[in-house]
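In the two assemblies presented below, chain A is common to both, partnered first by chain B and then by chain C.
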Partner chain A sequence: MIERTPILNMVTYFIMIFGLLLILGPFWMIFTASTQSLAQVNAVPFNLLPGTDFVHNLQAAWHRANLGPAMLNSLIMALLVMVGKIVLASISAFAIVYFRSPLRHVFFWLVFMTLMLPLEVRVVPTYNIAADVFEPVRWLIQTLTGIELSLQWNLLNSYSGLVLPVIATATGTFLYRQFYMTLPDELTEAAKMDGARPLRFFIDILLPLSRTNMLALATIMFVYAWNQYLWPKLMTTEADYQTAMVAMTTLVPNINSLPEWNVSMAGALIIMLPPLIIVAALQRWFVRGLVSTEK
Partner chain B sequence: MAEINIRNVRKSYGRTQILHGVDLDFKSGEFVVILGPSGCGKSTLLRMIAGLEEISAGEISIDGTVVNNLEPRDRGCSMVFQNYALYPHMNVAANIGYALKVAGVPRAERDRRISETARVVGLEEMLDRKPAQLSGGQRQRVAMGRAIIREPKVFLFDEPLSNLDAKLRVQMRVEIRRLHKRLSATSVFVTHDQVEAMTLADKLIVMNKGHVEQVGTPLEIYHRPRTRFVGTFIGSPAMNFFDSTIAPSGKFVLLDGIQIAIDPVLGRDNADNAVSAGIRPEHCRLVKAGTANSVPATVDFVEELGSGRNVHVDIDGTIFAVSGDESQLFETGATVGLQLPSEHIHLFSRDTGLRLDDAPALKHNTNQSTVAA
Partner chain C sequence: MNKRAVFKSRWLPILFALPQLLLIFFFFYWPATSVLTWAFSLEPAFGGAGDRLFVGWDNFRDVFADREYWQSVALSLVFAFTATALSMFIAFVLAICVDRQLKGSGIFRFFYIWPYAIAAPAVGLAFRFIFAPESGLIAVVNTWSPDLWNPAKFGSHAMILVIICFAWKWIGYNFIFMTAGLQSIPRSLIEASSMDGSGPVRRAIDLQIPLLAPTLFFLLVLNLTESFVGPDTYGIVDLTTEGGPNGATNVMVYRIVSEAFQGLNYSGAASQSLILIGLIMVFTFIQFRFVERRVHYK
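Moving on to the complex of A and B:
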């Protein structure tokens, strides 16, 4: 629809620019704060112009929070979570869409219901399981047979602990299910006639076709995993497994320390960088995967 | 090359029956066309042969082996789908060769067979393209290449030409026929297009509402439709029908009060029967009004075809289509005479819809039931 309405156009632009400022404003404040010295950042009123201490603040943040290893830990965790979520989502949606099991709707709705149970809600039981993975198995075997086993597997302070409990994803499963449902049945039938068994069909046909979908999911899930705070905080007590988000807390000033907000903001900028790069690199796919499916 | 035998095959979804006991035998190397209106169960039958649809009751065997419980890959059939169903992310070569890749055929042999197949279907120049970069006819060729590379015992075609434009359709029809001659595998082709059916078939099967109406060569079916339905379904314009009763003498039926002579032997055996009499448009003759043995009719409208014209005339509310030749000109609204030659009149029972003199078709039926028993 093309309309010539100068006044309406101006109003539209005004609203859009206002929205943009609302979103960008805080970022600008983070940036300027990270460039100022301790005295400047605590001045009232706050100075919106950049200062000269940017590099110094970045270095201070990097060393004080030990961001090098922490960023690496975060990267490993986020990539593993991302891959895990994609693998799990694509496979479970495959099972739900392509297998005529009588219980598939039940399973789908069970998965769907977990949308209502985010990690924060189930954090205590999830922690229990992570701290003692075989507890339910031991209990089951003991109740059934009376045999007491001493199986132990503890996920605390490990990458599996950071990753495994959070890779189940209702969003991803749902996204994949919608994608599979847009594919024509004849594609499946053609593959059947060509002799492909289900797994072969999944690997040769479905996965390559879901590329845009997969990249969209990868973007969302990487950012999600990178931004995790609560779970890594619970799971890791050793500095070796500390993630960037957790490390960031050491930069936040407390009652007994100097109000070095310039350093915390510099740290925030560093930590923000990897998700920004991922989104920038994948945004074309991200939008395409969410908006439409490739033919 | 393989025989296909279909024994009392039924299909139902819950309580709805789609196929009500179908018995058919396809000879090895035959080109069989299944023709019928949409919803008659023809595609379902084809998909049951392919193994894509479960068989509710009865038995299908290919080359003597009952295939009811075999997976599609073990039946030795390949199929061409209506919308081609090409793999969008693979190029033409990969599409054609996918079955071989799945079967674990070594690369060198696979490439050799792909280029050989591409030559047969005329796609040598296109092997690197993706399906999205191909025209409808080329996609159709890829689908056929994919079907023939496996050297199957049976080819199944599920309305493969219905997405093509008229010109391409004629061309692909010829190509399919040529391909069949060359490969001589048993082929089953499902369509709702009677021209496709007539031109392609060695054996034509007409289906309606889950029943087989008639089996025969295209000419047999055209000239001796076994039921009223087959008569109406095949031929364009469709066969003209009027309801009447055979006179006690058995010599004629009445149309608008005028006696139309019929085969006297047939008439004598069926005297006083309520019948539906049919005659094809090309067998009707238009004459001057008042000519002896003609029924007065009003010209309703005229369709010009170039090579001739279809004249639609009205007799007391019943419309008759007549294939006129170009020498005769008729004005809309003019009164003419319509002659219906007795040797071209088909008589069907009004109760059962069956042809009255259905000797050959009846024999066919009894044959089948003895085999089935």
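Moving on to the complex of A and C:
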């Protein structure tokens, strides 16, 4: 910037190029492996130049892991989670910020505390409740009135089962709360003076104003949902609802099969592409979403 | 903190809060109470009917008496601290370099963010191939001397593999926050210090690192939490080593899930889950103390 430091600049470039190799190396490995034949991919030392079997490997991975429906399932899940989280975040934060009730603090803390309960530590009971959503309702009614109901709702192997348990959003609610707090009180006062009811204020003023927030949140939530692994893996036993991330695991070579790394890398390449495109193409929004949810 | 101008409505806030409230009740708090009750009780013998048996702290005593549990705690500690240190160090060096804003550094920044987009299981699968003992990039060392590198056989190699996966994936995230932190340092400070004759290295050490400290601390806590209990750790271990060989990468979070689903030891898994939840609370508390201090600092 200000001074001439040719040697230091050289060092800086050297480090940055080394970093680039570190970051892009694995991507290049995945790509070249997915273009090679079975013999080429297992050659030692590994040949870092692309081979000729790219299309063949892509097709093999696509058919073997049944990636067509799986990618569609992942897309549906990711979009539903993305939209659901934005809707939930915007309305929850509205209820917290724009109304004066002592319960809003309780609500805020309840939402906040979910951050301390990641899926991994409550995985079995969450699975149980997804298999029988009305269990607490039945229990409540039975202890209160003594009546035994036969209400049942099984979420396993359904889109609602993929989406509902991961859709509650503490980070999104924070982001929206933060955003609402930065809006001037005069805006609300003016709207009220013009006779706007809360619902109209929310739809016609808050939502359009939050467009940048919404886009930022949408990018990180899409990536988050697409990359979900443990939950879809547990709750989809039928192939019809398998997501791409789970389908990819069927391509892992095991001891009893051929080491077809070329096909598994082709599969990995296909499933990692959608979030990568989002991050690369919408980088500005993605970075903004990530940085602003963590304040 | 509070809004001066608010709306009056009885039903609208309830209606707006209700969906999220129901979701967190059904999928977070109800399961959490199950974890709590399971941790302090036992399934009736032979899967028989009847209420669960309250056993107090017995389940915890069993967990603490288990040598494998302590092994998994030790593995988690090694994994979390090494992966965090490695990832943050690399990201930090790259962020400092990119922040010098030399010609073309925008291109580097563009690519350094990529690893964050890749799902942990995909990272695991890719690195499993790259570091496979019989094919891939590293396999060539085994032609020099057999079994120089074999994560399927040696526990330490397997641990190195999962650490590399996690560290690589989190470089992207750490880099994003560090560049954001560096950019928020006022330009005038940098210029003033260079007027006083400090070179880029001196400025990095005496100016940028101290001013970046809050960001670094935030990332430190977050990386540690994520590597202890995060879904990425589970996904990476599941796709690379599955906890093996011989339990050498059976970190706490992986152990809980596999014990609960394959071993069907609900009570043991529940008590281990409670311990992890306690850990997360400690981390969150530390995070909060620090956030508060930062607010005062500003």
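Criterion: the second predicted complex is superposed on the first by the 265 of 295 C-alpha atoms of A that agree within 3 Å, B and C clash if a C-alpha of one lies under 4 Å from a C-alpha of the other, contacts with A are read in each partner's own complex, and residues count from 1 in each chain.
By definition in this document, a contact is a pair of C-beta atoms (placed from the backbone, for glycine too) under 8 Å apart; a residue touches a chain by one contact, two chains touch by 3 or more.
A quick note: this is a predicted structure, and the numbers were derived from the prediction, not measured.
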Clash-or-fit label for the pair chain B, chain C on chain A: fit
Which of chain B and chain C A:Ala60 touches, first, second, both or neither: neither
Chain B versus chain C as contact partner of A:Gly195, first or second or both or neither: first
Touched partner set for A:Ile141, first chain B, second chain C, both or neither: neither
Touching partner for A:Ile76 - first (chain B), second (chain C), both, neither: neither
Which superposed partner A:Ile30 touches (first chain B, second chain C, both, neither): second
Per-residue contact with chain A, leading partner among chain C and chain B: C
Which of chain B and chain C A:Ala131 touches, first, second, both or neither: neither
Chain B versus chain C as contact partner of A:Ile205, first or second or both or neither: first
Which superposed partner A:Thr114 touches (first chain B, second chain C, both, neither): second
Distance of closest approach, chain C and chain B, by C-alpha atoms in Å: 6
Doubly contacted residues of chain A, that is, touched by chain B and again by chain C: 186, 189, 192, 294
Contact set on chain A toward chain C in their complex: 1-3, 5, 8-9, 12-13, 15-16, 19-20, 22-24, 26-27, 29-30, 33, 41-46, 88, 91-92, 94-101, 104, 107, 110-111, 114-126, 128-130, 133, 135-136, 164-165, 167-169, 173, 180-181, 185-186, 188-189, 192, 197-199, 201, 223, 226-230, 234, 245, 248-249, 251-252, 259, 261, 264-265, 268, 271-272, 275-276, 278-280, 283, 286-287, 290-291, 294
Touching residues (chain side chain C, partner chain A) in the complex: 2-9, 12-14, 16-17, 19-21, 23-32, 34-35, 38, 90, 93-94, 97-98, 100-102, 105, 108, 110-123, 125-130, 132, 134-137, 139-140, 142-143, 168, 171-173, 176-177, 180, 190-191, 194, 199-201, 218, 222, 229-231, 234-235, 238-239, 253, 256-257, 260-261, 266, 269-270, 273-274, 276-277, 280-281, 284
In the complex, chain B residues that touch chain A: 50-52, 71-73, 77-79, 81-83, 85-89, 98-99, 102-103, 132, 146, 150
Chain B contact footprint on chain A (complex, rising order): 184, 186-187, 189-196, 200, 204-205, 208-209, 211, 294-295
